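Structure provided below as structure tokens; questions to follow.
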Amino acid sequence: MIDLFVLVLAIPLVGGLVLAVAGERTWAPNLNVIASAGTFLASALLTAEIVAGGPRFAFGEAFFIDSMNVFFVTLTAFVGMTTSIFSGPYMRNEREHGKLSAARLRLYKSMFQLFMFTMLAALTTNNLGILWVAMEAATLTTVLLVSLYRTPASLEAAWKYFILCGVGIAQALFGTILLYFAAERVLGETGNALLWTYLVDVKGQLDPTIMALAFIFLLVGYGTKVGLVPLHNWLPDAHAEGPTPVSAVLSGLLLNVALYAILRVKVLADGAIHTSFAGNLMMGFGLLTLVVAAFFLSRQKDIKRMFAYSSIEHMGLITFAFGMGGAVANFAGLLHMTLHSLTKSAIFFAVGHAAQKCGTQVMEDIRGLIRINPLIGWSLMLGTLAILGMPPFGVFASEFMILTHAMKHHPWTTPILLLALGVAFAAIFGKVQPMVFGDTQAKRLPHAPAIVPVFVHLAIVLMLGLWIPPYLTRWFHEAARMLG
Amino acid sequence: MSISGLLWQLFAIVLALALAPLLTGWVNQCRAWLQNRSAPPLLLPYYMLHKLFLKDVVLAHGASPIFRFAPFAVFGCMLLACAIIPVLSTDLPFAPAADTIALVGVFGLARIFISLAAMDVGTSFGTLGGRREMLVGFLAEPALLMVIFTLAMIAQSTSVATIVETLAHREFVIYPSLAFAGIAFTFVSFAENARVPVDNPATHLELTMIHEAMILEYSGRHLALIEWAASLKLYAYSCLGLALFFPWGIAQGDSFLGLLVAIPMLVAKLAIGGVLLALIETLNAKVRIFRAPEFLGTAFLFAVLGLLVRLLLESRV
Amino acid sequence: MSLSAQLINLFAAVILLLAFAMLAQRRVLTLINLFALQGLTLALSTLVVAFTTGQAHLYGSAALTLVLKAVLLPWILHRLVRRLEVKWDVEPLIKVPTTMLVGIVLVIISFNVALPISQLSSTISRGTLGIALASVMLAFLMMITRSKAIPQVVGFLAMENGLFLAATSATYGMPMVVELGIALDVLVGVIILGVFFFQIRDQFDSLDIRHLERLKEK
Amino acid sequence: MPDLLPIDLLLIAACAWLAIGFAGIFAPRNLRFISKILFPLGAFVAVLAGLTSLTFLGGATETAVLLIGLPDLPFHLRLDNLSAVFVLLLGFASAGISVFAAGYFRQGEGAAPGLMCLQYHVFLASMLLVLLADDAYAFMVAWEGMALSSFFLVTTQHRQAEIRRAGYLYLLIAHVGAIGILLSFGVMTAGSGDYSFAGMRAQALPPFWGSAAFLLALFGFGAKAGLLPVHVWLPEAHPAAPSPVSAMMSGVMLKTAIYGLLRVSFDLVGTSIWWWGVVAMVVGLATAVFGVLYSTVQSDMKRLLAYSSIENIGLLAVALGLTLIFHAYRMEALAALAMTALLYHCLAHAGFKSLLFLCTGSVLHATKERSLGKLGGLIHRMPWVAWLALAGVIASAGLPPLSGFVSEWLLLQAFLFSPGLPHSWLNMIVPVAAAVVALVAALAGFAMVKFYGIVFLGQMREPALKEAHDAGPWERAGLLWLAALTLALGVLPSTVIGFIDAATTQLLGTGLADQVREHGWWMLAPISAERASYQPLVFLVTIVIAGLVGRALVRRLYHGRGRRSAAWDCGYVFQGPRAQDTAEGFSQPIRRIFEPMFRMERHFPTIRDEQPYYSVKVEDHFWHWLYLPLARLTNAVSALVTRLQGGRIAIYLLYSFLTLIVLLLVARP
């Protein structure tokens, strides 16, 4: 029997290579979907296996799947699958509008699969060095995706993305080196000093001074990719100028993976330092990010840009939650990550269709979606409400937990959190409402929108707001416990 | 509730119906005297009513059922008010039906109906009268309630009967607050009964009138009922004032003798009251409609002062 | 102090010097040459460490550095410059003397930050950690102050040099697989950047990144 | 089924509503099915819910825990007497509204009927859940669900920009309010982390935190109720919504906020401080005066009613304040009196305000016109609506013998006892508050006369009004039901108090029921017959009999002749509809007397005008004093923040660089 884990990594890699060669065939879009679906299937089965049998290694000790990352793997594979479903008709429309050539589409599909591969590798690797390599590779693949349109704006966005994230990730490498250095002092020169499973066993013996420095470098480095203020500047540009499916995966997945990297390091830092140093730093960044992003929102004109800032805002909130630490906050943070991925990607799907329908991303020119196509209109409306934390959508559940936990342990932060959430609500809702409602004179599109993914996402988000299945709870709890 | 009580109650109502136009006539007569005019007959209001009842009703084309319904409702309200106010005895069956607050409510109900009726035909004067009536109403009502509050605090009750009993039949105490309340009440009753500083019952000059503007479209029996109701209102206010501020003479139970004494006392008090009313009306001039708020504001102020005086000076008594 | 330790410190000092030189350099071709020189020095330094400590994989690392940083990347950059016909970085965003002053401050900061760590280190090359950090920071500064795309990329690559130096000086290098991965990333990155340069020039008729300032909040 | 508890029945009702709603979405365009089957079904469920709580009242508290919710905080539900009173209100009021809605929604107006059916019934179900919720999470989910569903209902006619704006404002303020409520819950857990209401009850809060919780709740629930200064959404949202929705929002939804305030201040906080009452009272008075004054000067009939709702909410807050004051001084009997007034007014307002809003719905349908300046004389074309509206108008003006008067009477009675308070300042101030309440009540009469007189009486101001038609049978049935409720609440106060007293007793430990029952069902004497009594039935019967007997006598003794003729024109020829008072003209005295209260833009005609005209626009001071400055501030901060994103990559790199340096220098473990 083939190892499921091998499938999880191999399908996107092989898919990406095949599509790089044969991406212009008529069956290529289907292959894209099939590969993504296969990845998801494999990861779902893998999850079942891990849930039943506990954590395990793969390829010797190079890869390690435990209850925390398997959850991210499933999420990533799932959002990847729905995005590929969504991107089929979307990209076809783009092509027919003359925005993309066949060669670019090939590049897109291939890079999409490779991007999935890098993220899955980053999530599952046991080696913090490889984690870094995979993160950098993820940047490279997405740089190509962001600049897909080759317009001046998209090139500029891609350039900024590349440089800022490149520099950021270089800092993360410095942090990784320091970490390695600290670990080598404990583990000796066995070559295992970057393996998470070894590190986590000896985290108490790591030198706190080095770990503190390492954590700063890693936080600033990976934090750039997460979009923490003031390192966030690449994010809105990249989201706004890339194709919408790419915005969806950037927001929904890449940010998560970067945060995942920080979380892994935070566990080690916490273990070594014994104070809430790492947590405090994350809380500080989280709050700053949340507030600044919220105030950014109200002056946006471009719809994708606005939701990019919303992603920054939510990343701030999640970072804050993990910064607080403790079972409840970690649980809430993980839940919020999940829900944010699902919701934000759903929103980008809807936004993509909406922008395509209206032929613009400028919000003032998008009007009356509900009259053009009620499904798109409602999906954008509901998605927006969900992301704004309206019950009964799940985002409210996680925000509720974060807020209540903050109220209990850090009461002074609550007004700040609420101020930011209130401002964000006013800004986003004020912009989305006239887009969804109102009058319009837009035309129909040649291809029916792929709206199913949106509703699937929103349905899951809705369900998580009202009922979190027990196995999911267990899983979250376990992951939260691992985070300390 | 005894049979005799019920009979006395009925008697009080009939008395009100009978005495009310007489009071109006008496006031008009006094006023004429004071103004050096030859006085109309004392019974003129009865003749008027009779004449109006005899006449056909002329309805405007635009009049709706509300227009025809209102006179009866207003009349009913005023009758109820007269039945509630203890003019002869404090222990009549209708006394617990409403306290002073509800009494204010009855007047309010009547006011609403008459104002609505005024707006019904849709002439410029009707609506003008309606709005002015409501203006006077919303200014007078709070003042009246404050007066009542002062008294209610003295008597520890809002029931008119209890207030009368407290003031008339218990130990005599001088209440300075009553002076304020009395002045306020006088002001309010002038306004409420369309009397001189606020309105002039004797004029038909459109731009100044209130009450008359509202009933311009009424005729025949409807007008008769409204006029009668107006008399009843004056009677009710007078009786209320007498009951609250000069309660002596009102019987405590429904004993025949007590009630027998009460009737002449009432008539005497009303006669004096009528003279005073005419006197004040003669000494004053009608003010502009937008001075009315000042007038009633003063009344409100006095009423509140009375309340505060009550709280400040008398609560520790 | 042994000879090799002295040698390593010397090389480290040369790297720092080169970092400063790059910060001050305005001619693009010279800049690339300086970068190649820095790569060479780094490779030599790694070689000395490998020779001294006998760590086999450090030879590999040194070879990788030599091939990649001293030969391959400069070669690619040279080709790019020739194809794109850019010779001058018109003028840095901040005046060179100011940049140098800031650079000195950065060196002081880096040394102080690295001090507690290098005291913990048992490697022969531990003293160079501060220099590694300083060269990372100087490269960073260079990226900030340059207004053209190619110098910025050179700065980016110089940063990688600093990181490699840090890796060798603190820990005798990262595990080989990681180093290979990093090298691959850098290489692919530079190739992608190269493609980018052409696209940028096509779109903007220039490689001046001041054209790339349109995406902003109004 | 003997083992079905009332709480189970109510849960089933909520599920039934949801099911009805989703049934609508499956046939979104089938108007017949939706309006003639689903909405009546919803009304039926509503009646059942109302009856269930009626039978429950006075019973023992029931609780339930559902399987849904957060992992460690599943939905807790609890039915106690306080909830039951409000469920009663919800059930009975919404029954009438649903029946009306069955005849109201038409094809082609705004959203698809099926969608509205869904939103409407989700709205109902979430309100029910708000009343039953027994933990913060369930409460917030239901609360926001309520806001959200009503928001969609408000923006049914979303093609109009002003309606979108109204909806936005509504949801925004609702959301901000919800944040306040959540904070209040957070404070009440006192750091225990137990967000079930049972957990909050178990905490003894120190005065400071207790006050914080109360003030936050006052703000949060006040935002939903429409208390000053977070009232601005209300006069925008109510007119924007379809009339049954306005009726539901005004009649029922606002009461859920009152419910929340009661729940927090008497059940969850656990302490009580006298100045809370003063705060509530002052806010309430300001709200009431503001609401009623603005209500008198409106030119749009639904706005007029909306401001009138603000006024009533203000009165409710005054009653709440009074209750709190008495409660803080342990004068529970008087607190019970004030609370009875409060609960009674909730019921009364639910009846008459829903009735009036539904009437405006019928008028709107018949005439397509909301502006008072274009209505008039509708009593001739719409007698049913007009006569039923009269009941609402009288009740709303707080006049006997209908429902509004009873609560007002109880409230004034409660005020009369305030001199017994052991606090000299309160002694002085509270009676003055009573004076303001009296003023508000009188002004409400003014507003109602304006509303009724201008809409239904007089001459028709537009020729098109001649085509107006009366309400259909479903609408009439709904209106009749609500009018009947208004009448019943007006003439049977003792019976009603017998029911709602269970809630008072539960919250305060004492109630009025014993005293009230002593005097029989026809008489209301909350303390003793000597102190104060009111017999509404006698009232009604006397007036009716006096009117009828008078009429009979006049006809018997004289005659019943009458004829029609033109109205007397006082010598002017031009007595057309234009000669009547306009809405603006009617309220001119108010604008003049209370001039500083309004922000007016007026245009007066001059002699030289070619086409002289007069116009007046009244605006809310709060916009200019509070909201616009707030918006400007946010904008300024936002402008400052956006400078971060200046477009220069060098600057971006600098941020990253500085962050790193600062952290390296400053951050120490």
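For reference, chains read A, B, C and D in written order, and residue numbers begin at 1 within each chain.
Everything below uses one rule, namely that a contact is a pair of C-beta atoms (placed from the backbone, for glycine too) under 8 Å apart; a residue touches a chain by one contact, two chains touch by 3 or more.
For clarity, every value in this text was computed on a predicted model and none was experimentally measured.
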| item | value |
| --- | --- |
| Starting at chain B, fewest touch steps before arriving at chain C | 2 |
| Both-way neighbours, i.e. chains that touch chain D and touch chain C | A |
| Between the pairs B-D and A-C, the one where more C-beta pairs touch | B-D |
| Centrality ranking, top chain (CA atoms only) | D |
| Mean-CA-position distance for chain B and chain A (Å) | 78 |
| Chain centre separation (chain B, chain D; CA means) in Å | 35 |
| Separation of mean Cα positions, chain C and chain A [Å, integer] | 31 |
| Intercentroid distance (Cα basis), chain D paired with chain A, Å | 44 |
| Where chain B touches two or more other chains, by residue | none |
| Shared interface positions of chain D, touching two or more other chains | 642, 644-645, 649, 653, 664 |
| Residues of chain A touching at least two other chains | 159-160, 163, 167, 171, 209, 213, 236, 296, 299 |
| Every chain pair meeting the contact rule | A-C, A-D, B-D, C-D |
| Partner chain A, residues of chain C touching it in the complex | 113, 116-117, 120-122, 133, 136, 140, 143, 149, 152, 156, 159-160, 163, 166-167, 170-172, 174-175, 177-178, 181-182, 184-185, 188-189, 192-193, 196, 199-200, 203-204, 209, 211-215, 217-218 |
| Residue ranges of chain D in contact with chain C within the complex | 642-650, 653-654, 657, 661, 664-665 |
| Residues on chain A engaged by chain C in the complex (per definition of touch) | 127, 129-130, 132-133, 136-137, 140, 143-144, 147, 150-153, 155-160, 162-163, 166-167, 170-171, 173-174, 176-178, 180-181, 184-185, 189, 191, 194, 207, 209-210, 213, 236-237, 240-241, 296, 299-301 |
| Contact set on chain A toward chain D in their complex | 159-160, 163-164, 167-168, 171, 208-209, 211-213, 216-217, 219-220, 224, 229-231, 233-234, 236, 273, 275, 277, 281, 292, 295-299, 328, 368, 370, 385, 388, 390-392, 396-397, 400-401, 403-405, 407-408, 414, 418, 421-423, 425-426, 429-430, 433-434, 437-439, 465-468, 470, 473, 477 |
| Of all residues in chain B, those that touch chain D in their complex | 53-54, 56-66, 72-73, 75-77, 79-80, 83, 94, 96-99, 101-102, 105-106, 108-109, 111-112, 115-116, 119-128, 130-132, 134-135, 137-142, 145-146, 149, 152-153, 156-159, 162, 206, 216-217, 220-221, 224-225, 289-290, 293, 300, 303-304, 307-308, 311-312, 315 |
